[in-house]
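The data blocks that follow each hold one structure.
Here subunit A shows up in two complexes: once beside subunit B, once beside subunit C.
Presenting the complex of A and B:
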């Protein structure tokens, strides 16, 4: 399951990097594509970054399949927020639309190879992963303590994969 | 042109020293700020959470610790740490942070009397445009 999560993240990260190289965030002094897995980040009291995608993983259930190995289905949530580029934040809705557009673009095509990225070079694990088209939930606006307004959205994707075969 | 504070014979540097002395006089102790180690390369394994960066223990003092009230449904303990600017500013410089807020944002927490506190927030006290004291709130 971990390899499926890693492969999903790396696929989206590489696509975002080529689609929109300017969409980056600074983490620990290093610039990287503005997509990250929340559970892989260092715990911090800092608020989440603006204009970046946070991936969170949800429920995993086996689907009804005929093969020897069950096809697993995992919920993936992508969360992002923005306050726009202008001081007045009047363009926050338009900026959220651009984030939506980039998200839909990096989710196509909806498949990738499942690989082990902990070895160098990464190793193909022999199967693939594929996912559903993102469902964009209603955008929510939040008033911040400093008076600014931010708008955020959750997107839901179903990720399908075969569980890893553990050698005996 | 001198500020009104300087004309009265009080400079901001003096207030920074006075805050330091006051906290020391009141029996200021030490706390430990836990920061991730800095040698994190921008590698895929780091982004996948497969590399432990380790932690760096930064001692701050003199610090006064005040216990704050907590709700029944809230954390077990909330405390306010009064830290002189002189202690934090030197660490900010040595850790290449562009502000005290970003230094605290990058911290994993505060260790005080063996307990790890999660940082809730920070406010600063200023005089003549210079910060002389930070109030950091933490809980566990």
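Presenting the complex of A and C:
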């Protein structure tokens, strides 16, 4: 399962880097594509970054497929927020729309190879992962303590993969 | 599990079917060949020439009409005999995207470019007397039409048809790709623009320069023929009826999301007329309550070819590109 999570994340990260190289965040003084897996980050009470995608994983259930290896289906949630670029934050809705567009674009095509990233170079594990078109939930606005306003959204994707298959 | 292989990779998972068509030489009947060894698992957005990407389709259904029959003799030592009868195959599907070639294939007969017409000309169902063509100059390519100063008569986003003047010739007309068959010049009114009315060499102007038109997509027939002219197109029309029968090579590819890629190659597809839904020409695909997308329904009969490998008669080929590490059986 970990390989499927890693492969999903790396596929989206590489596509984002290619699609929009300027969409980056700073982490420990290093610039990186603005997409990360929440459970892989250092525990922190600091607020989440603006204009970045946070991936969280949810329920995992087997599908009705039959075969030696069950085909699994995992919920993936992508969360992102923005306050726009202008001081008044009046463009926050438009900025959220750009984040929506980038997300839809990096989810196409809706599949990738499943790879083992614990070795270098990464190794093909012999199967693919694929996912549903993102469902964008209603945007929500939040008033911040300093009086500013931020707007955020959850997007939901179903990720399909075979439980680990590691040919030796 | 056998070492080094997976059985999970043997299950092709796909949601969408992509389709490509390529012209047939109508005079010789020679199809365009899809060679799995030569063309391989090509990128879906970049098909090998001369295949034309016609986008995603749905409700794909292919039916073998070949029956295997047999009989047994009364003599125990003679055994049973089996043979194939009524060999044939049909294929039906819905084009989700509308375009010049999609309409032509779904309609099955001549597909007409409605040429920009003289406002004073009489009304006709497929457009009246066309405005004169502008000569395409030598040195033009499939994506750039050299017109000299006359390029200024076109604007960005115009649709244009590019082909030769009709020279009162008989037989197939249309440069590189046959668009119609003329039995008698009188039938087409000796119209000098007739070839451009039926040609598949149609493009969208993406840019107008001082002396040329740049096209967003290359002309299906390639470089314009010597003596070609260009005219503005305002719409496409097909008809219930007509005398011409389209015939094309076809390739259908399941987009492999997990597991291997499956391709269906039909060397020669001709219109089949009736469909399993009767005579439906369009289908509706509901995309929301009360909202439907209109799809072009296409129905074909597979015309057989003789396979050079062993002389066998074949209607279509199914190829499978196993994914990495999948078991063979």
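Remarks
Note that the second predicted complex is superposed on the first by the 164 of 168 C-alpha atoms of A that agree within 3 Å, B and C clash if a C-alpha of one lies under 4 Å from a C-alpha of the other, contacts with A are read in each partner's own complex, and residues count from 1 in each chain.
What we mean here is this: a residue touches a chain if its C-beta (ideal position, glycine included) is under 8 Å from a C-beta of that chain, and two chains touch if they have at least 3 such contacts.
Predicted model, so just to flag it, every value in this text is computed and none were measured.
Per the definitions stated earlier, placing subunit B and subunit C onto a shared subunit A by superposition produces no clash, and the two fit side by side. Contacts of A:6 after superposition on the shared chain: subunit B is touched, whereas subunit C is not.
By the document's definition of touching, of the two partners only subunit B reaches A:45; subunit C does not. Taking the C-alpha centre of subunit A as the apex, the lines running to the C-alpha centres of subunit B and subunit C meet at 160 degrees, rounded to a multiple of 10. When the two structures are aligned on the shared chain, A:28 is found in touch with subunit B, with no touch to subunit C.
By the document's definition of touching, neither partner reaches A:58: not subunit B, not subunit C.
In the superposed pair of complexes, A:97 makes contact with neither subunit B nor subunit C. Of all C-alpha pairs linking subunit B and subunit C after the chain A fit, the shortest spans 23 Å. The part of subunit A that touches subunit C in the complex is made up of residues 65, 67-69, 71, 109-111, 124-130, 160, 162, 165, 167-168. Every residue of subunit A that touches subunit B in the complex is listed here, in rising order: 6, 9-10, 13, 28-32, 36-37, 39-46, 117-118.
Residues of subunit B touching subunit A in their complex: 36, 38, 40-42, 44-45, 47-50, 53, 96, 102, 104-109, 118-121. Contact residues of subunit C toward subunit A in the complex are 1, 3-9, 11, 13, 15, 255-259, 323-326.
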